[in-house]
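In order of appearance the chains are A, B and C, and numbering begins at 1 in each one.
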Amino acid sequence: MPKKATMIIHSGDMDKAYAALIIGTGAASMGMDVTLFFTFWGLDLLTKGGLEKAGLSKMNMAGLGKAYMKRKMDAQNVASLDQLMNDARELGVNIVACEMTMGVMGVSEDELIDGVEIGGVGAYLNEAKDGNINLFI
Amino acid sequence: MPKKATMIIHSGDMDKAYAALIIGTGAASMGMDVTLFFTFWGLDLLTKGGLEKAGLSKMNMAGLGKAYMKRKMDAQNVASLDQLMNDARELGVNIVACEMTMGVMGVSEDELIDGVEIGGVGAYLNEAKDGNINLFI
Amino acid sequence: MPKKATMIIHSGDMDKAYAALIIGTGAASMGMDVTLFFTFWGLDLLTKGGLEKAGLSKMNMAGLGKAYMKRKMDAQNVASLDQLMNDARELGVNIVACEMTMGVMGVSEDELIDGVEIGGVGAYLNEAKDGNINLFI
(Lines give C-alpha, C1' and ligand atoms only; values in the text may rest on other atoms or scores of the structure.)
Protein backbone atom coordinates (compact mmCIF):
# COMPACT_ATOMS: atom_id res chain seq x y z
CA MET A 1 0.00 0.00 0.00
CA PRO A 2 1.46 3.36 -1.01
CA LYS A 3 1.61 6.10 1.60
CA LYS A 4 -1.13 8.66 1.26
CA ALA A 5 -1.16 12.48 1.49
CA THR A 6 -4.06 14.91 1.46
CA MET A 7 -4.12 18.68 1.54
CA ILE A 8 -7.06 21.02 1.95
CA ILE A 9 -6.24 24.24 0.10
CA HIS A 10 -8.51 26.80 1.75
CA SER A 11 -6.36 29.81 0.94
CA GLY A 12 -6.10 31.28 -2.55
CA ASP A 13 -2.70 32.86 -1.85
CA MET A 14 0.11 32.39 -4.36
CA ASP A 15 2.71 31.45 -1.75
CA LYS A 16 0.42 28.87 -0.13
CA ALA A 17 -0.48 27.46 -3.56
CA TYR A 18 3.27 27.03 -4.16
CA ALA A 19 3.67 25.20 -0.86
CA ALA A 20 0.75 22.87 -1.63
CA LEU A 21 1.84 22.09 -5.19
CA ILE A 22 5.52 21.62 -4.34
CA ILE A 23 4.66 19.25 -1.45
CA GLY A 24 2.00 17.52 -3.56
CA THR A 25 4.18 16.93 -6.62
CA GLY A 26 7.10 15.96 -4.36
CA ALA A 27 4.97 13.38 -2.55
CA ALA A 28 3.58 12.00 -5.82
CA SER A 29 7.14 11.74 -7.20
CA MET A 30 8.01 9.61 -4.16
CA GLY A 31 5.15 7.26 -5.05
CA MET A 32 2.60 8.58 -2.59
CA ASP A 33 -1.11 8.70 -3.39
CA VAL A 34 -1.94 12.43 -3.23
CA THR A 35 -5.26 14.29 -3.08
CA LEU A 36 -5.53 18.08 -3.16
CA PHE A 37 -8.95 19.28 -2.03
CA PHE A 38 -9.62 22.94 -2.97
CA THR A 39 -12.23 24.86 -0.98
CA PHE A 40 -13.30 28.47 -0.25
CA TRP A 41 -10.70 30.93 -1.66
CA GLY A 42 -8.63 27.99 -2.86
CA LEU A 43 -11.26 27.30 -5.53
CA ASP A 44 -10.07 30.37 -7.46
CA LEU A 45 -6.83 28.49 -8.13
CA LEU A 46 -8.77 25.86 -10.08
CA THR A 47 -10.47 28.32 -12.44
CA LYS A 48 -8.95 29.01 -15.86
CA GLY A 49 -6.25 31.66 -15.37
CA GLY A 50 -6.75 31.55 -11.59
CA LEU A 51 -3.23 30.44 -10.66
CA GLU A 52 -1.82 33.43 -12.56
CA LYS A 53 -4.03 35.86 -10.64
CA ALA A 54 -3.24 34.61 -7.10
CA GLY A 55 -1.75 37.23 -4.77
CA LEU A 56 0.61 36.94 -1.82
CA SER A 57 -0.57 36.23 1.73
CA LYS A 58 1.54 39.17 2.93
CA MET A 59 2.42 42.23 0.88
CA ASN A 60 3.80 44.78 3.27
CA MET A 61 7.27 43.41 3.85
CA ALA A 62 10.36 45.22 2.55
CA GLY A 63 9.21 45.47 -1.05
CA LEU A 64 8.38 41.81 -1.26
CA GLY A 65 5.48 41.96 -3.68
CA LYS A 66 4.18 39.45 -6.15
CA ALA A 67 6.29 40.64 -9.13
CA TYR A 68 9.41 40.53 -6.94
CA MET A 69 8.62 37.01 -5.75
CA LYS A 70 7.99 35.82 -9.31
CA ARG A 71 11.38 37.16 -10.41
CA LYS A 72 13.05 35.41 -7.47
CA MET A 73 11.20 32.17 -8.26
CA ASP A 74 12.41 32.38 -11.87
CA ALA A 75 15.97 33.10 -10.76
CA GLN A 76 15.80 29.99 -8.53
CA ASN A 77 14.47 27.95 -11.45
CA VAL A 78 11.27 27.22 -9.55
CA ALA A 79 8.50 26.14 -11.91
CA SER A 80 5.46 28.40 -12.32
CA LEU A 81 2.21 27.49 -10.57
CA ASP A 82 0.72 26.54 -13.95
CA GLN A 83 3.63 24.21 -14.61
CA LEU A 84 3.36 22.68 -11.13
CA MET A 85 -0.38 22.10 -11.59
CA ASN A 86 0.32 20.38 -14.90
CA ASP A 87 3.01 18.27 -13.26
CA ALA A 88 0.59 17.35 -10.48
CA ARG A 89 -2.02 16.11 -12.92
CA GLU A 90 0.57 14.19 -14.96
CA LEU A 91 1.83 12.56 -11.76
CA GLY A 92 -1.71 11.39 -11.01
CA VAL A 93 -2.44 13.77 -8.13
CA ASN A 94 -6.20 13.87 -7.49
CA ILE A 95 -7.43 17.45 -7.85
CA VAL A 96 -10.81 17.91 -6.17
CA ALA A 97 -13.04 20.99 -6.02
CA CYS A 98 -15.29 21.26 -2.95
CA GLU A 99 -18.87 20.94 -4.12
CA MET A 100 -20.50 22.92 -1.30
CA THR A 101 -18.20 25.94 -1.48
CA MET A 102 -18.37 26.09 -5.30
CA GLY A 103 -21.94 27.23 -4.79
CA VAL A 104 -20.98 29.65 -2.02
CA MET A 105 -18.05 31.19 -3.93
CA GLY A 106 -19.95 31.30 -7.22
CA VAL A 107 -17.58 29.00 -9.12
CA SER A 108 -19.32 26.87 -11.76
CA GLU A 109 -18.11 23.58 -13.20
CA ASP A 110 -17.41 25.01 -16.67
CA GLU A 111 -15.03 27.62 -15.20
CA LEU A 112 -12.73 24.89 -13.87
CA ILE A 113 -9.51 23.75 -15.54
CA ASP A 114 -9.44 20.22 -17.00
CA GLY A 115 -8.95 17.18 -14.85
CA VAL A 116 -10.74 18.41 -11.73
CA GLU A 117 -13.17 16.17 -9.85
CA ILE A 118 -15.97 17.60 -7.74
CA GLY A 119 -16.46 16.16 -4.27
CA GLY A 120 -17.79 16.83 -0.81
CA VAL A 121 -16.54 16.58 2.76
CA GLY A 122 -17.27 12.83 2.76
CA ALA A 123 -14.91 12.31 -0.18
CA TYR A 124 -12.23 14.29 1.66
CA LEU A 125 -12.65 12.36 4.90
CA ASN A 126 -12.53 9.01 3.13
CA GLU A 127 -9.08 9.88 1.83
CA ALA A 128 -7.80 11.70 4.89
CA LYS A 129 -8.74 9.05 7.47
CA ASP A 130 -6.07 6.80 5.93
CA GLY A 131 -3.66 9.63 5.13
CA ASN A 132 -0.10 9.57 6.42
CA ILE A 133 0.22 13.30 5.82
CA ASN A 134 -2.91 15.50 6.08
CA LEU A 135 -2.46 19.25 5.90
CA PHE A 136 -4.77 22.28 5.94
CA ILE A 137 -3.23 25.11 3.95
CA MET B 1 -10.95 1.49 17.90
CA PRO B 2 -12.66 4.39 16.10
CA LYS B 3 -10.53 6.64 13.92
CA LYS B 4 -9.59 9.90 15.56
CA ALA B 5 -9.48 13.50 14.27
CA THR B 6 -8.19 16.65 15.95
CA MET B 7 -8.20 20.23 14.78
CA ILE B 8 -6.49 23.25 16.29
CA ILE B 9 -8.60 26.31 15.48
CA HIS B 10 -6.13 29.18 15.78
CA SER B 11 -7.98 31.52 13.44
CA GLY B 12 -11.20 33.28 14.40
CA ASP B 13 -12.28 33.71 10.77
CA MET B 14 -15.81 32.78 9.75
CA ASP B 15 -14.76 30.80 6.68
CA LYS B 16 -12.14 28.82 8.61
CA ALA B 17 -14.68 28.15 11.40
CA TYR B 18 -16.99 26.74 8.71
CA ALA B 19 -14.24 24.49 7.42
CA ALA B 20 -13.45 23.20 10.92
CA LEU B 21 -17.08 22.58 11.92
CA ILE B 22 -18.08 20.97 8.62
CA ILE B 23 -15.07 18.62 8.73
CA GLY B 24 -15.58 18.01 12.46
CA THR B 25 -19.28 17.20 12.26
CA GLY B 26 -18.68 15.16 9.09
CA ALA B 27 -15.98 13.09 10.80
CA ALA B 28 -18.15 12.59 13.92
CA SER B 29 -21.07 11.49 11.70
CA MET B 30 -18.77 8.84 10.23
CA GLY B 31 -18.08 7.53 13.73
CA MET B 32 -14.74 9.21 14.30
CA ASP B 33 -13.66 10.50 17.69
CA VAL B 34 -13.23 14.26 17.15
CA THR B 35 -11.55 16.96 19.25
CA LEU B 36 -11.61 20.65 18.32
CA PHE B 37 -9.02 22.64 20.26
CA PHE B 38 -9.62 26.41 20.11
CA THR B 39 -6.68 28.74 20.75
CA PHE B 40 -5.64 32.37 20.17
CA TRP B 41 -8.18 34.14 17.88
CA GLY B 42 -10.16 30.92 17.64
CA LEU B 43 -11.21 31.35 21.29
CA ASP B 44 -13.57 34.16 20.26
CA LEU B 45 -15.65 31.52 18.47
CA LEU B 46 -16.34 29.83 21.82
CA THR B 47 -17.66 32.95 23.54
CA LYS B 48 -21.41 33.58 23.68
CA GLY B 49 -22.36 35.27 20.40
CA GLY B 50 -18.82 34.84 19.07
CA LEU B 51 -19.69 32.67 16.08
CA GLU B 52 -22.12 35.32 14.87
CA LYS B 53 -19.42 38.03 15.04
CA ALA B 54 -16.68 36.18 13.13
CA GLY B 55 -15.44 37.96 9.98
CA LEU B 56 -13.98 36.64 6.74
CA SER B 57 -10.27 35.88 6.29
CA LYS B 58 -10.34 37.90 3.05
CA MET B 59 -12.66 40.81 2.32
CA ASN B 60 -11.28 42.48 -0.73
CA MET B 61 -12.45 40.14 -3.45
CA ALA B 62 -15.12 41.14 -5.94
CA GLY B 63 -17.73 42.15 -3.38
CA LEU B 64 -17.41 38.94 -1.47
CA GLY B 65 -18.15 40.23 2.01
CA LYS B 66 -19.59 38.52 5.04
CA ALA B 67 -23.24 39.41 4.30
CA TYR B 68 -22.85 38.15 0.74
CA MET B 69 -21.32 34.89 1.92
CA LYS B 70 -24.09 34.37 4.48
CA ARG B 71 -26.73 34.79 1.77
CA LYS B 72 -24.91 32.31 -0.44
CA MET B 73 -24.60 29.86 2.46
CA ASP B 74 -28.36 30.15 3.09
CA ALA B 75 -29.10 29.67 -0.62
CA GLN B 76 -26.98 26.48 -0.55
CA ASN B 77 -28.83 25.29 2.56
CA VAL B 78 -25.59 25.29 4.56
CA ALA B 79 -26.28 25.35 8.29
CA SER B 80 -25.26 28.42 10.30
CA LEU B 81 -22.11 28.28 12.45
CA ASP B 82 -24.34 28.23 15.55
CA GLN B 83 -26.24 25.24 14.18
CA LEU B 84 -23.02 23.45 13.25
CA MET B 85 -21.59 24.04 16.74
CA ASN B 86 -24.79 22.61 18.25
CA ASP B 87 -24.57 19.63 15.91
CA ALA B 88 -20.94 19.11 16.90
CA ARG B 89 -21.79 18.98 20.59
CA GLU B 90 -24.75 16.66 20.00
CA LEU B 91 -22.50 14.35 17.97
CA GLY B 92 -20.11 14.17 20.92
CA VAL B 93 -17.32 16.29 19.44
CA ASN B 94 -14.94 17.38 22.22
CA ILE B 95 -14.79 21.19 22.28
CA VAL B 96 -11.70 22.38 24.15
CA ALA B 97 -10.58 25.93 24.97
CA CYS B 98 -6.82 26.44 25.32
CA GLU B 99 -6.09 27.33 28.91
CA MET B 100 -2.91 29.32 28.32
CA THR B 101 -4.27 31.55 25.57
CA MET B 102 -7.53 32.21 27.44
CA GLY B 103 -5.38 34.26 29.81
CA VAL B 104 -3.51 35.94 26.97
CA MET B 105 -6.63 36.79 24.96
CA GLY B 106 -8.61 37.86 28.01
CA VAL B 107 -11.35 35.21 27.68
CA SER B 108 -12.77 34.03 31.00
CA GLU B 109 -14.51 30.73 31.71
CA ASP B 110 -17.92 32.33 32.29
CA GLU B 111 -17.87 33.94 28.82
CA LEU B 112 -17.73 30.51 27.16
CA ILE B 113 -20.70 28.71 25.62
CA ASP B 114 -21.90 25.53 27.34
CA GLY B 115 -20.15 22.23 26.90
CA VAL B 116 -16.60 23.53 26.54
CA GLU B 117 -13.72 21.86 28.36
CA ILE B 118 -10.57 23.77 29.25
CA GLY B 119 -7.24 22.10 28.47
CA GLY B 120 -3.58 22.71 27.76
CA VAL B 121 -1.07 21.65 25.13
CA GLY B 122 -0.58 18.30 26.89
CA ALA B 123 -4.28 17.50 26.49
CA TYR B 124 -4.03 18.39 22.80
CA LEU B 125 -0.93 16.26 22.23
CA ASN B 126 -2.45 13.27 24.00
CA GLU B 127 -5.28 13.26 21.48
CA ALA B 128 -3.27 14.24 18.42
CA LYS B 129 -0.49 11.68 18.84
CA ASP B 130 -3.05 8.96 18.05
CA GLY B 131 -5.01 11.06 15.55
CA ASN B 132 -5.58 9.81 12.01
CA ILE B 133 -6.38 13.35 10.87
CA ASN B 134 -4.71 16.28 12.64
CA LEU B 135 -5.20 19.75 11.19
CA PHE B 136 -4.13 23.30 12.13
CA ILE B 137 -6.71 25.78 10.91
CA MET C 1 9.97 3.82 18.17
CA PRO C 2 9.12 7.28 19.51
CA LYS C 3 6.11 9.07 18.05
CA LYS C 4 6.98 11.69 15.49
CA ALA C 5 5.70 15.25 14.89
CA THR C 6 6.44 17.65 12.05
CA MET C 7 5.31 21.21 11.49
CA ILE C 8 5.72 23.39 8.43
CA ILE C 9 5.94 27.01 9.60
CA HIS C 10 4.93 28.99 6.52
CA SER C 11 3.69 32.03 8.42
CA GLY C 12 6.04 34.51 10.08
CA ASP C 13 3.36 35.68 12.52
CA MET C 14 4.20 35.94 16.22
CA ASP C 15 1.08 34.15 17.39
CA LYS C 16 1.57 31.27 14.96
CA ALA C 17 5.24 31.02 15.95
CA TYR C 18 4.05 30.68 19.56
CA ALA C 19 1.67 27.91 18.60
CA ALA C 20 4.39 26.03 16.71
CA LEU C 21 7.02 26.36 19.42
CA ILE C 22 4.66 25.52 22.29
CA ILE C 23 3.38 22.42 20.49
CA GLY C 24 6.91 21.51 19.37
CA THR C 25 8.55 21.84 22.77
CA GLY C 26 5.57 20.12 24.39
CA ALA C 27 5.83 17.17 22.01
CA ALA C 28 9.60 16.92 22.49
CA SER C 29 9.10 16.99 26.29
CA MET C 30 6.78 14.00 25.91
CA GLY C 31 9.56 12.11 24.12
CA MET C 32 8.39 12.69 20.57
CA ASP C 33 10.81 13.18 17.68
CA VAL C 34 10.01 16.70 16.42
CA THR C 35 10.95 18.51 13.19
CA LEU C 36 10.05 22.15 12.52
CA PHE C 37 10.42 23.05 8.86
CA PHE C 38 10.48 26.83 8.24
CA THR C 39 9.55 28.12 4.80
CA PHE C 40 8.42 31.34 3.05
CA TRP C 41 7.62 34.04 5.68
CA GLY C 42 8.46 31.57 8.45
CA LEU C 43 12.14 31.82 7.47
CA ASP C 44 12.29 35.29 9.01
CA LEU C 45 11.80 33.62 12.40
CA LEU C 46 15.12 31.79 11.96
CA THR C 47 17.16 34.91 11.26
CA LYS C 48 19.07 36.57 14.10
CA GLY C 49 16.61 38.86 15.90
CA GLY C 50 13.76 37.61 13.72
CA LEU C 51 11.61 36.17 16.50
CA GLU C 52 11.64 39.53 18.24
CA LYS C 53 10.41 41.31 15.11
CA ALA C 54 7.47 39.00 14.30
CA GLY C 55 4.07 40.73 14.19
CA LEU C 56 0.57 39.46 14.90
CA SER C 57 -1.59 37.72 12.29
CA LYS C 58 -4.45 40.05 13.22
CA MET C 59 -4.09 43.57 14.57
CA ASN C 60 -7.48 45.14 14.31
CA MET C 61 -9.20 43.59 17.30
CA ALA C 62 -10.14 45.64 20.33
CA GLY C 63 -6.66 47.05 20.99
CA LEU C 64 -5.04 43.66 20.84
CA GLY C 65 -1.69 44.65 19.40
CA LYS C 66 1.72 43.09 19.74
CA ALA C 67 2.81 45.07 22.83
CA TYR C 68 -0.46 44.20 24.56
CA MET C 69 -0.05 40.51 23.76
CA LYS C 70 3.53 40.51 25.02
CA ARG C 71 2.41 42.00 28.33
CA LYS C 72 -0.33 39.39 28.63
CA MET C 73 2.14 36.61 27.79
CA ASP C 74 4.49 37.89 30.52
CA ALA C 75 1.62 38.10 33.01
CA GLN C 76 0.75 34.46 32.22
CA ASN C 77 4.41 33.47 32.66
CA VAL C 78 4.60 32.30 29.06
CA ALA C 79 8.21 32.09 27.89
CA SER C 80 9.37 34.45 25.13
CA LEU C 81 9.74 33.15 21.57
CA ASP C 82 13.54 33.34 21.96
CA GLN C 83 13.34 31.23 25.11
CA LEU C 84 11.03 28.72 23.45
CA MET C 85 13.38 28.43 20.46
CA ASN C 86 16.29 27.81 22.83
CA ASP C 87 14.23 25.20 24.68
CA ALA C 88 13.36 23.55 21.38
CA ARG C 89 17.00 23.20 20.38
CA GLU C 90 17.98 21.93 23.85
CA LEU C 91 15.20 19.33 23.67
CA GLY C 92 16.62 18.11 20.36
CA VAL C 93 13.92 19.50 18.08
CA ASN C 94 15.16 19.51 14.48
CA ILE C 95 15.03 23.07 13.13
CA VAL C 96 15.15 23.08 9.33
CA ALA C 97 15.21 26.04 6.92
CA CYS C 98 13.69 25.40 3.48
CA GLU C 99 16.48 25.57 0.92
CA MET C 100 14.35 26.62 -2.06
CA THR C 101 12.52 29.47 -0.34
CA MET C 102 15.73 30.81 1.28
CA GLY C 103 16.70 31.86 -2.24
CA VAL C 104 13.27 33.26 -2.97
CA MET C 105 12.98 35.22 0.28
CA GLY C 106 16.59 36.41 0.15
CA VAL C 107 17.68 34.73 3.40
CA SER C 108 21.31 33.58 3.38
CA GLU C 109 22.86 30.87 5.53
CA ASP C 110 24.98 33.29 7.57
CA GLU C 111 21.87 35.24 8.65
CA LEU C 112 20.43 32.16 10.39
CA ILE C 113 20.59 31.51 14.12
CA ASP C 114 22.76 28.61 15.29
CA GLY C 115 21.63 25.02 15.10
CA VAL C 116 19.57 25.29 11.93
CA GLU C 117 19.83 22.65 9.20
CA ILE C 118 19.02 23.43 5.58
CA GLY C 119 16.80 20.98 3.71
CA GLY C 120 14.37 20.59 0.85
CA VAL C 121 10.89 19.20 0.31
CA GLY C 122 12.31 15.67 0.14
CA ALA C 123 13.76 16.02 3.64
CA TYR C 124 10.39 17.25 4.88
CA LEU C 125 8.45 14.42 3.24
CA ASN C 126 10.82 11.78 4.60
CA GLU C 127 9.98 12.91 8.12
CA ALA C 128 6.31 13.65 7.59
CA LYS C 129 5.40 10.36 5.88
CA ASP C 130 6.03 8.62 9.22
CA GLY C 131 4.72 11.49 11.35
CA ASN C 132 1.94 10.91 13.86
CA ILE C 133 1.23 14.64 13.95
CA ASN C 134 1.88 16.73 10.82
CA LEU C 135 0.74 20.35 10.83
CA PHE C 136 0.93 23.27 8.40
CA ILE C 137 1.03 26.54 10.34
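Heads up, the rule we're going with is that a residue touches a chain if its C-beta (ideal position, glycine included) is under 8 Å from a C-beta of that chain, and two chains touch if they have at least 3 such contacts.
Owing to the predicted nature of the structure, the values given are computational and were not obtained by experimental measurement.
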Interface residue identity across copies chain A, chain C - same or different by half: different
Inter-copy rotation, chain A to chain B, in degrees (Cα atoms; steps of 5): 120
Computed distance of Cα centres, chain C from chain A, in Å: 23
Contacts with two or more other chains, residues of chain B listed in rising order: 134-136
Residue ranges of chain B in contact with chain C within the complex: 8, 10-12, 39-41, 100, 103-106, 121-122, 124-125, 128-131, 134-136
Residue ranges of chain B touching chain A (in the complex, touch as defined): 3, 5, 7, 15-16, 18-19, 22-23, 26-27, 30, 32, 57-58, 61, 64, 69, 72-73, 75-76, 78, 132-137
